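Right, one structure below, let's go through it.
The first chain written gets the first letter, and so on, giving A, B, C and D; residue counts start at 1 in each chain.
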Amino acid sequence: MKLTEQHIEDDNKKSLASQNNSYNFLADSLTSKGHNVDAILSKLSEFQVAVPSWALGAGGTRFGRFSFYGEPSTLQEKIEDVGILHALTQTAGAVSLHIPWDIPTDYKAIKEQADALHIKFDSVNSNTFQDQKNAKESYKFGSLSNTSKAVRDQAIQHNLDVINIGDKLGSKSLTVWLADGSSFPGQNNFQTAFQNTQNSLIDIYAGLPEDWKLLIEYKPYEPNFYSTVIQDWGASLMLANGCGDKAFTLVDLGHHLPNSNIEQIVSILMLKGKLGGFHFNDSKYGDDDLTVGSIKPYALFLIFNELVYGMESNPQNPDLAWMIDASHNIKDPLEDLLQSLEAIQEAYAKALLVDQKELRTAQLENDVTKCQEILQNAFRTDVRPLLAAARLKNGGAINPIQSYRNLAVRETLIKERGKHTIATGL
Amino acid sequence: MKLTEQHIEDDNKKSLASQNNSYNFLADSLTSKGHNVDAILSKLSEFQVAVPSWALGAGGTRFGRFSFYGEPSTLQEKIEDVGILHALTQTAGAVSLHIPWDIPTDYKAIKEQADALHIKFDSVNSNTFQDQKNAKESYKFGSLSNTSKAVRDQAIQHNLDVINIGDKLGSKSLTVWLADGSSFPGQNNFQTAFQNTQNSLIDIYAGLPEDWKLLIEYKPYEPNFYSTVIQDWGASLMLANGCGDKAFTLVDLGHHLPNSNIEQIVSILMLKGKLGGFHFNDSKYGDDDLTVGSIKPYALFLIFNELVYGMESNPQNPDLAWMIDASHNIKDPLEDLLQSLEAIQEAYAKALLVDQKELRTAQLENDVTKCQEILQNAFRTDVRPLLAAARLKNGGAINPIQSYRNLAVRETLIKERGKHTIATGL
Amino acid sequence: MKLTEQHIEDDNKKSLASQNNSYNFLADSLTSKGHNVDAILSKLSEFQVAVPSWALGAGGTRFGRFSFYGEPSTLQEKIEDVGILHALTQTAGAVSLHIPWDIPTDYKAIKEQADALHIKFDSVNSNTFQDQKNAKESYKFGSLSNTSKAVRDQAIQHNLDVINIGDKLGSKSLTVWLADGSSFPGQNNFQTAFQNTQNSLIDIYAGLPEDWKLLIEYKPYEPNFYSTVIQDWGASLMLANGCGDKAFTLVDLGHHLPNSNIEQIVSILMLKGKLGGFHFNDSKYGDDDLTVGSIKPYALFLIFNELVYGMESNPQNPDLAWMIDASHNIKDPLEDLLQSLEAIQEAYAKALLVDQKELRTAQLENDVTKCQEILQNAFRTDVRPLLAAARLKNGGAINPIQSYRNLAVRETLIKERGKHTIATGL
Amino acid sequence: MKLTEQHIEDDNKKSLASQNNSYNFLADSLTSKGHNVDAILSKLSEFQVAVPSWALGAGGTRFGRFSFYGEPSTLQEKIEDVGILHALTQTAGAVSLHIPWDIPTDYKAIKEQADALHIKFDSVNSNTFQDQKNAKESYKFGSLSNTSKAVRDQAIQHNLDVINIGDKLGSKSLTVWLADGSSFPGQNNFQTAFQNTQNSLIDIYAGLPEDWKLLIEYKPYEPNFYSTVIQDWGASLMLANGCGDKAFTLVDLGHHLPNSNIEQIVSILMLKGKLGGFHFNDSKYGDDDLTVGSIKPYALFLIFNELVYGMESNPQNPDLAWMIDASHNIKDPLEDLLQSLEAIQEAYAKALLVDQKELRTAQLENDVTKCQEILQNAFRTDVRPLLAAARLKNGGAINPIQSYRNLAVRETLIKERGKHTIATGL
C-alpha cells in the first residue's frame, strides 16, 4: 500500500480551516515574543528520525507475545510501512536495518523502492545477542567480549558484514549494541571482558569506510542481570576513545539506572564532541521501550533542550543519528510510531522555543526562579499547530493518526498481507 | 506587608489585553470541543491549597543551609506571607500549622488576622521527630512506636495538645507524620513497633473531636535508613482502618520508592473511601521536596486525573486536605510557592479537560492509542490563560511572579523585617 | 534417571571424615553458646521447598533463549528431575505444577512416580498471561481484570480447572499471578480493573475445596510497564481480605520496587496472619529471577529471620508454601536449583542461630550496636557443616553439586533424552 | 583517655583459649585447602583504614540530630579517639582531617600526639559545600563550578590552603568532594559548570606537591536534587584526566544510583590505573552513610574481590587511600566505627580467600556454577578467628567492641569531657 499526497490532502481538508486558525494565532503570539517562526518551521521540517526495521511488527516480553494483524513479512513490506509513516508525518524519512533480520536480496530494487518513498538508509545494526541457525559459535557467554577467540572473530566478522551491507545501501554508520555481560558474580573477569571488547571494536573500526561512524551503545542491565560490559556512558566513551575519531557514544533513553540525569550526559558528551546518536523511547521502570513521550515528556523536552543547545553551540560534535527504538506490544505498531514521531517533534519544537540568551542571563544572575520559568514557558506552549504546519508544508497530514484511521491503512494492509503474518526477527 | 487588590489590579493592567485575547481564543476552542469553560473556571477558583507554616523560610539539607533574606520570624509574619501568596494567586487560602514551631500566643488576634486575609486553618501537624528543649523523653529511638511507654505517652499527649490548638483555630484534621523506624537490621522488632504505633494512634484518635479527621502519612525511608514503621500506603491504610472511620491515609508525592505508580495508589484509596489528604512537591531521587511540577509535570497531571475522577465518581471518599510540602533551599520561598501553586492549578485544569466519557469508551474498546491521545490532548493544551482568568475573577494577578517582582514584595519584607531573620523551626 | 541412596552414599565417602570433623567442631562451638544443635538439625531436615515444573529447562529473556541439553520434555521427566534434586538435597520434596504446561495424562501414574520419589504436589499455578492455541478469548488486555465478561469468565474457568487438576494430585493451594495491568497512562481505569479482579477472585475462591488456600501474588511491573493491577502487598492483601479467610498474600522476592524492605512486609503480613507463601529467587535490578542467594544473601537472611520469628510467634499465620521461582538462562537448571536450595537452607540455618531472647533484650535497651552484633554473629557463622549433616541424616549428599557432577547426572540425562529437547512451556 | 596494650591484653585473657582453638581449626582447614594463612595474616595486619575526623561525633539528618555523650570537641580529642580505635583494632592507623573543622593550632604537638598513637595523617578534605562565618563569597550556587570568578577563586584558594595544612602534617593527598550542581532544570548550564570545574581543578592541581595525589569524588545527587556536576565515575575520570597523572577518581560506596554495579566500576578504574581512593559505608536507599557491612556485606565482598585482584594484577594503579565515611546518628560513634572496621577486614579477608587461579579457569570454561561456588565458598567461610589473630599479633583486642565496653571507654570519656560536648563541624 502506498499513501499518495492526494489521499492525505483530501483527508486534511476538513481540518484545514481550524488548523490555519490555530496556527495563525500561535504564530502571531510567538512572533510578538520575538521568535522567528519560519526558522522554527524549517528546522522542524528538516528533522528526520529513522524507523528501525524491527519496530514495524508487534514486540513482546519474556512472558509472551500477542501478535498484530497485517505485519510486514519482508524487507520490502517494511519499507512500505516506513513510507506510510513518512507520507503522513514527513519526519520519518529514514530506515535503520537490523542484520541478519533484513538482509536485502535485491539491493537495487530495495534502493529504488526507498528512493521513491524518500527514505534513506540510516545506521545499520548488528546482532550478536542471539544465535542464528547454523551459526558455528554461540553467543551464550558473550560476543565481542567472549573469552574464546573463535567467538569474538565470528562476531567481528558479522559486524564487518553488516558494514558491507549498509555500504551498498548508502548507510553511513554502524550501531553496536552488546548484550555481553554476566548474570552472576564471578562469571566474568571484568577487565578481560572490557579489553576483549575494546580489541574487537578496534578490529571492526578498522573495517569502517572513511566517511562512516561507529556508534557504541551502553546499557546497565538486561539481558544480563549482574553486569554488562558497556554499562554506562563512561564505559562507552572509553571504548570510543580507544577506537578513534570516528567512534562515538550512542544514547538510548531506556538504558539507564533509575533516576539518571540523561540530559546532563548528553550535554557533556556533546561538549566533548562524542555524542553520535540517539535512540528514542520512554519508560517508567527499566528498558520498557514504550512510545516516546508517553511517560516522561518533560524529561524528553529537557534532553532536547540540551540537544538543541549542543547543535547550536558545539561544532565539535557531528550530526546525530536519530532513531526510534521502541517495542509495540499492545498497540498497532504504526500508530505507536506515529505517536512517537509526534512526541519527538513536540519536544524538539518546545526546545526551539527556549530563549537561550535570556536563560544564559538568568543563569549568570543565579535567578533560579526565572531559569525555571523560561523552560516551563517553552514547555507549556501548545505547539501542535506548529507541528501540523511543518507537516503540511511538505504534504503531510494535519493529524497523522486520524488520517491513518480515516484512510483505513491497517485494514488495507491486512487485505494485502493477510492477518497472521509475522515480521522477521520477531 | 499587605498586598491590596488595587496593587494587583494596577499591575495587571499592562497584560490585561493580551490575557483577554488569549483567553478568548482558548475558551472558544475549548467550547467548540464541547467543554463547559465556565464550569472549569469555577472549579479552578474554588480549589484552595494550604501553605505550611514551615515553608515560608529557606530550608536546608544535612550538609547545611543557606538562609534567605526577610524570612518571617513569627507566626503573624508567616500568615502575612500566606496572605501575600493568596492575594496574588487566589488559590492559597489556607495555612497548615506545625506544632510546636507555631503555637499562637494570642489566638483571637491570629484568627482575626487570618480572617482578614481570607485564610483558613487547615490540618495541623504534630512533630515527634525532634526533641524539644527541656523535653522529658527523647524521640531518638521513636515516638508513637517506642518500646518505652513513657516516650509513647509523651508523644500521644503532644498530638492531643496539637488537636487542642488546632481546634481553637478552626482546623478540622490532624496530620501525623512519623519518622519512627530503624537504621540497622535488628534494631526494631517490626511487629512490636507496628502494634505500638497502632495503639498510640488509637489513643490519639480517641481525642479527636467529632468532626475531625486523622490523616496518617507514610514514607519509605529518611530519616531512618533501614526501615520505617509506616513504610507505604498499605501500612498507613491498615493503621487507619485500625483506628476507625475518621482516620485516613495521606499521600505525600515524595514519599515513595523509585518508579512507584502513585496515581494508582490514589485511585485505589479513593475507591475504598480512604484518601484523606495530599502533600504536593516534586522530586527526582527521593524526598527531594522540590517545587511542584518542576521535574515530572506529566506524572502530576496523571495523579490529578485520578483525583478528578475520584472526586466525581467516589462519593464514599471525603473532601481532601491539600497542602504544599516542599523545601526551598535556593529560591525565594515565596516565589517557589507561587510556582508550586501555578503547577498545581495547571495540572488540575488539564485534568478537568480530560473527556472522561470518551476515555471510558476507548478503554472499553481497548483502543490504547486513543486512550493515550485523550490524555495527551488534555495535557498538551496550554491552559495558562485559563488559570489567569480564574485568578482575575477573584482579584488575583495575571502573572503572580511578575507582579510579586514588580511590586517589590521581597524588598519590602526585608525592609520591614531585616535581612537575617530565621523562620521558627528552621 | 534415578539417583539411588547407594549412589550418593558411595560418593559421600571421600568427604565424610572431613565433614564429620567440621560438623563436630561447629556443633561443639554452637552447643557451648547455648544452641540446641539437634533441634536445629531437625528443623533443617523438615524444611522442604517446592521446585516449579517450569524451572527444569533453560529460561530466556525477550532477547532470546539459549537452550540447554537434556531438558525434560514431559511431566514425567520433570518429576524425575525433581527426584534427582531431592535425592541429593533431601530438601526438594515437592513440585509445583504450572497449568496448562503440565497437565497429567495419567494421574495415577504420575502420583505413583512422585510417591516413589517422596515428592508431594505443592501449590498449583494457573496461567492467564499468555494465549493458548485455540483459546476463544485473548488475554492481551488482561484476564481476571478484563473489561470483557467473556474474557474474565474464561480466566475464571481456567483457574477452576487448575484447582480441579491440583485436587486430583493432592495439592492444597492455588497460586494466582496476574500479569494484568496497562502499559500506557489512560489505558486502564484503575478502579474498574481492581473491582473486576476482586470479583473474579471471589468467583475462583468460591470453587476452592474446604482445605485449600488461595495465594495471591503481587508485582509492580513487567510484563506491563505502566501499571499492574496487583502492584504491591497492600493491593494483594486487600483482595485477599475481600475473598475470605482462606485467601492469602504470596511474596515473590523479585516482585518489588528498588530498595523495598521485604522483611518488614513479611513480618507485618505474618502479624496479620495473612502470609500464605513465598517464591525464592534473587535479583539486582528487577525481577531478574537469579539463583537464590547469589546477589543479596544478607537480605535473604534478614527475611528468614522474620520468617523464623513469625513461625515461632505468630500462630495466627498458617504454614507457608515455599517455592523456588527462578529462571535458568545460562547455567544447567539442575545445578542452579541445587545452589538455590543450598542458599535457602543456609539462610534458614543462620536465622535459627539468632538468639531471639537476647535480641529482644537489646531492642528494649535500644542497644543498636548489640542488635546488629547479634544478627551479624549468626550470619557470619559458617553453617555449611550443619546443612551437610541435615542432608546426611536423610541420605542426601554432603556436597550436592559435587555429587551431581561426579555421578554424571547431566550426561546421563542427555543420553536418555537427547540433546535438543525443549521443556514444555519454554 | 589512652588505652594501653596492657589494658587490652588483660581483657583478652578470658577469650584467648577459645580464640586460639578456633583459629587453629580454621588455619588447618585453610591450609589443607592450599591457602597460605601466614601471608593472609600479614596482609590483614598491614591493612590500615583512615578514620575521618568528623565521624567521631554523632551525625544527623535534615530532620534533626540527637547528640551523643562525651564527644570530642577538639582536634586533640579526636585524635585521642582514633587512638582508642587503633589500639583496639590495629587497623585504624590513620586520620583524615576535614578543613576548616580541624585546623591544628599547634602542628608539632598534634603530630607528636599522633605519632605516639601510631596514627598517620591520610588524605585531607576540603569543604566548599558550606559557608564559613565571615566568608566573603557564598557557595549557595556552587564553588569550583560557580559562574562567578570570585567564588571560584575563593574555593580554589581554600583547597590550596588545605593542601598546605596537610603538607605540614605529612598527608599525601587532597580529597575533593563537590556539592556543586543544581536543584532545578535550567538552573545550570551543564557545560559551563563542567568546564569551570575542570579549570578550577587544574588550578588546584598546579598547587599539588610533587608526591601528592588529587582524589576527585563523584556523587549523583544530594545536596543538589536535579543535577550534580561530578555525577558519576565517568565525569570524575574525565576531570582527573584533564588534570594529569596525579589526579584520580575516588569511589564512595554510597554515591551511586540504585542498583549500580560498583565492583565493575572499581575494576575498570584500576585497569586504567585511575582509582585513587575509597570511602567505606553502607546504604539501602541513597547516601545513607550507615555502618560498613550492615546492609549489603556480599556486595562489599565483591568489591573487595576486585580490589584484591587489582592490587595484585594492576601495577599501573597506585596504592589506594582507604577511609570510612559514615554518619553515626543513633549509635555510639566509636562502637559504630569498630563495627565498620571489622566489616572491612572481614570483606578483605574473604576476598583474600578467593582462589583467583581456579576462578580464572572456571571463567575460561564458562563454568558459571563453579565461578559462583568459588566466590560463595570464600564468602561463607567464617573468618572471625583470622581477624582476631591479625589483631592479636599487633596487640589489639580479640573482640574490640567487647573490650571497649569492658574497659568502660565511653564512660571514661564522658567523665573526662562532660556529657554535652559537640564535635566541631556537627
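Brief remarks follow.
Please note the rule applied: a contact is a pair of C-beta atoms (placed from the backbone, for glycine too) under 8 Å apart; a residue touches a chain by one contact, two chains touch by 3 or more.
Note that the structure is predicted; figures quoted are calculated from it, not measured.
The greater number of contacting C-beta pairs, out of the two interfaces B-D and C-D, is seen for B-D. In summary, the interface at A-B recurs among the listed pairs A-D, C-D or B-C; the equivalent pair, sharing over half of its contacts by residue number, is C-D.
Rounded to whole angstrom, the centroid-to-centroid distance between chain A and chain D, based on C-alpha atoms, equals 43 Å. Separating the CA-averaged centres of chain C and chain D is a span of 39 Å. Residue positions 140-141, 183-185, 187, 220-221, 226, 258-259, 261, 284-285, 291, 294-295, 330-331, 368, 372 of chain B are each in touch with at least two other chains. Contact residues on chain C toward chain A in their complex (touch as defined above): 59-64, 66, 129-131, 138, 140-141, 179, 183-185, 187, 220-223, 225-226, 258, 283-286, 288-291, 294-295, 329-331.
Residue ranges of chain C in contact with chain D, taken from their complex: 22, 25, 29, 258-259, 261, 284-285, 291, 293-299, 330-332, 335-336, 339, 346, 368-369, 372-373, 376, 379-382, 384, 401. In the complex of the two chains, the chain D residues touching chain A come out as 140-141, 147, 182-192, 194-195, 220-221, 226-227, 231-235, 237-238, 257-261, 263-264, 267-268, 270-272, 298, 302, 305-306, 309, 313-314, 359-360, 362-364, 366, 368, 371-372, 374-375.
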